[in-house]
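Presented sequentially are two complexes of chain A, the first with chain B as partner and the second with chain C.
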Partner chain A sequence: MASLSTTSLSFKAPSIQSTRISQVLRKASSFQSISFGRFHSSKSLRLQISCAAKPETVQKVSDIVKEQLALSADTALTAESKFSALGADSLDTVEIVMALEEKFNISVEESDAQNITTIQEAADLIEDLVQKKPATSEAS
Partner chain B sequence: MRISAMSQMQRVGFSIELPSLVPLQLPSRMETHLWYILPDEVKSKSLLKHYSQLLSPTEKHRVLQMRGDELKKNALLARTLVRTTIARYQTNNASDDPRCLIFKKNAYGKPEVDNPPLHFNISHTDSLIACGVTVHVPVGIDVEDKERKIKHNVLAFAQRFYSPDEVNFLSTILDPEAQRTEFIKLWTLKEAYVKALGKGFSAAPFNTFTIKAKAHTKQGYDLCANSVEDTSKCNGDWKFALLELAGSHYAAVCTEYDQASGGAPLRVIVRKTIPFVEDELISQ
Partner chain C sequence: MAAPFTLRKIGVPPNSANLTEARRRVFDFFRAACRSIPTVMDIYNLQDVVAPSQLRFAISAQIRKNAHITDPKVIDLLLFKGMEELTDIVDHAKQRHHIIGQYVVGEGLVQNTGNKDEGKSDFLKNFYTSNYF
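After this line comes the complex of A and B, so read on.
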């Protein structure tokens, strides 16, 4: 099982009160600074501007994670819970992503699938993909 | 061949220093040394405490982040296995103290060590932790429980993540259990390749390459391009081996082809260990 270190930064934008801007690095070492208000993309940066995922989404992700990893129902999971700290290996992560695709009727790119490390990241990605779907329909 | 250092310790308990690790010569070219621990065999709390003293502060912190005692123990054993294994290969001039090893990461996050000059890779499951070591060429390993159940339909999983050729291969296997087994074997081989490459999963998504068994030989696998026109074109730059460990796990080893070794197939030397307690050479 490989482990990649990722760094995520989040900071509150003063003019957008309820928005959380998070910056996800694909590769461990390359880092480029961004200036606020002007975002440039490069191969090594992936910027995601999204509202923090709804609590219901986080809960649904937690349920799927508990099932895949065979955790007891009373295991306390938070949005920040890391898959690796729960004992998930890469095969587990892929199975979790497949279960999320089925649950939310979305399609996750493989490179995105491998980069999900916490419940929050999974929930954010799901909501991002659900919003982008052409036919608007409530996630089940 | 079994080397046991337990007898002296059993008389006086763990109040004395544990014996040093038995030093070893570096692997030769085209040879991979594969070491593994079975967590169920490590029960002594004082031994685990000794292991925890080998770790860096960062490693200790990561162990403590694991949720639950079993996961903490396995994380501790994983770092212990890496440090003690590498320390065995120290050349005479350097200290063989596992605590003195300094790890760094390559540009993509793959862990490396400068001294001694070897490559290593680690993989773990709930019940087995393994570390592969090579010299001169990068190595990737992956282990999986043979009995691991896949929650999704195996073919649906393969269609989503594997290459078309691999899906075709799996779909020819009619018995579901045999199909699941071949799926798991392929998973370990593909993981081992990506880890040997050391550039992260984005560099080699699973559906962009095919691994297939070599024709006309009992074992050995080839990495092949994903081209519909010419699937016989296989990349000779990477060598694979698939083994069974402890009767319970598949272990895939992938190393880069080394010109100097000629056409020799990959040779894996397997040892089971409880660091500082017992090393056992498992004959292949």
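After this line comes the complex of A and C, so read on.
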């Protein structure tokens, strides 16, 4: 409807005074701006809820740990099991962190990697990094 | 996607003061090597031949072979040679059959018989020192 009115007005343009045209055009543009505004406001802000890691992340981490340390498939791995208790030496821990880096496509700093001793901590750190990552890729 | 990792070539750093620092350097080297694995797989077209986890295992096996060494200077030298090897591989100075033979296949092109002195008997070890032992 708005477009029809503008086309009809444009036909009459030579006869109508310029101020009136500008008024109508301003109204039309304001219509457009209103619609755009509505469009933007529909995207709600994402709330960053800081909570414990998701269970599927913990599961993925456990799978990688099992594969790395060559544990049998039915060993019970809780979120609190320490890597050293499962028979991993320090090089194994670093290798697990690198495998997690590859799997989740993140980059773990050395200072963060020092503190990882249990599966839960690894999952929390991964969640943290995965959340931070999309924010930077959106900005770019 | 995490920023692609580039191997920066820095000069030879001074020797590690103690075992802890040597240990830290070993882990830094291991991390650098693991982060270069995607580049290596891309350069030598290893996508169908090997998985990144197997290459990681090969690297850690090489490091573990020398895990018993306690002298920081020896560790530094081993790391230097390791870094040299890694730089050669990343620079495409090697060829595909080198990589496959040395790191993918178990035995490798050259027979890896382990450390030189481990299997020898005491007789041979003391042979040069004296006749009577």
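Heads up, the rule we're going with is that the second predicted complex is superposed on the first by the 83 of 140 C-alpha atoms of A that agree within 3 Å, B and C clash if a C-alpha of one lies under 4 Å from a C-alpha of the other, contacts with A are read in each partner's own complex, and residues count from 1 in each chain.
Rule of thumb we're sticking to: a residue touches a chain if its C-beta (ideal position, glycine included) is under 8 Å from a C-beta of that chain, and two chains touch if they have at least 3 such contacts.
Nothing here was measured: the structure is a model prediction, and the numbers come from that model.
Q: Given the touch rule stated above, what does A:Ala85 touch, chain B (first), chain C (second), both, or neither?
A: The first partner, chain B, only.
Q: Could you say whether A:Ser111 touches chain B, chain C, both of them, or neither, answering first, second, both or neither?
A: first
Q: Which of the two, chain B or chain C, is in touch with more residues of chain A?
A: B
Q: In the superposed view, which residues of chain A touch chain B and also chain C?
A: After superposing on chain A, chain A residues 90-91, 94-95, 98-99, 110 contact both chain B and chain C.
Q: Taking the touch rule as given, give the residues of chain C at its contact with chain A in the complex, in rising order.
A: Touch residues, chain C against chain A: 1-3, 23, 26-28, 30-31, 34-35, 37, 52-53, 56-57, 60, 63-64, 67.
Q: Using the touch definition from the top, list the residues of chain A that touch chain C in their complex.
A: Residues 67, 90-92, 94-95, 98-99, 101-102, 105-107, 110, 133, 137.
Q: Of all residues in chain B, which touch chain A in the complex?
A: 65-68, 71, 105, 107-110, 123-126, 142, 144, 148, 150-152, 157, 160-161, 187, 191, 194-195, 200-202, 205-207
Q: Note which residues of chain A are touching chain B in the complex, please.
A: Residues 1-5, 26-30, 68, 75, 81-82, 85-87, 89-91, 94-95, 98-99, 110-111, 114.
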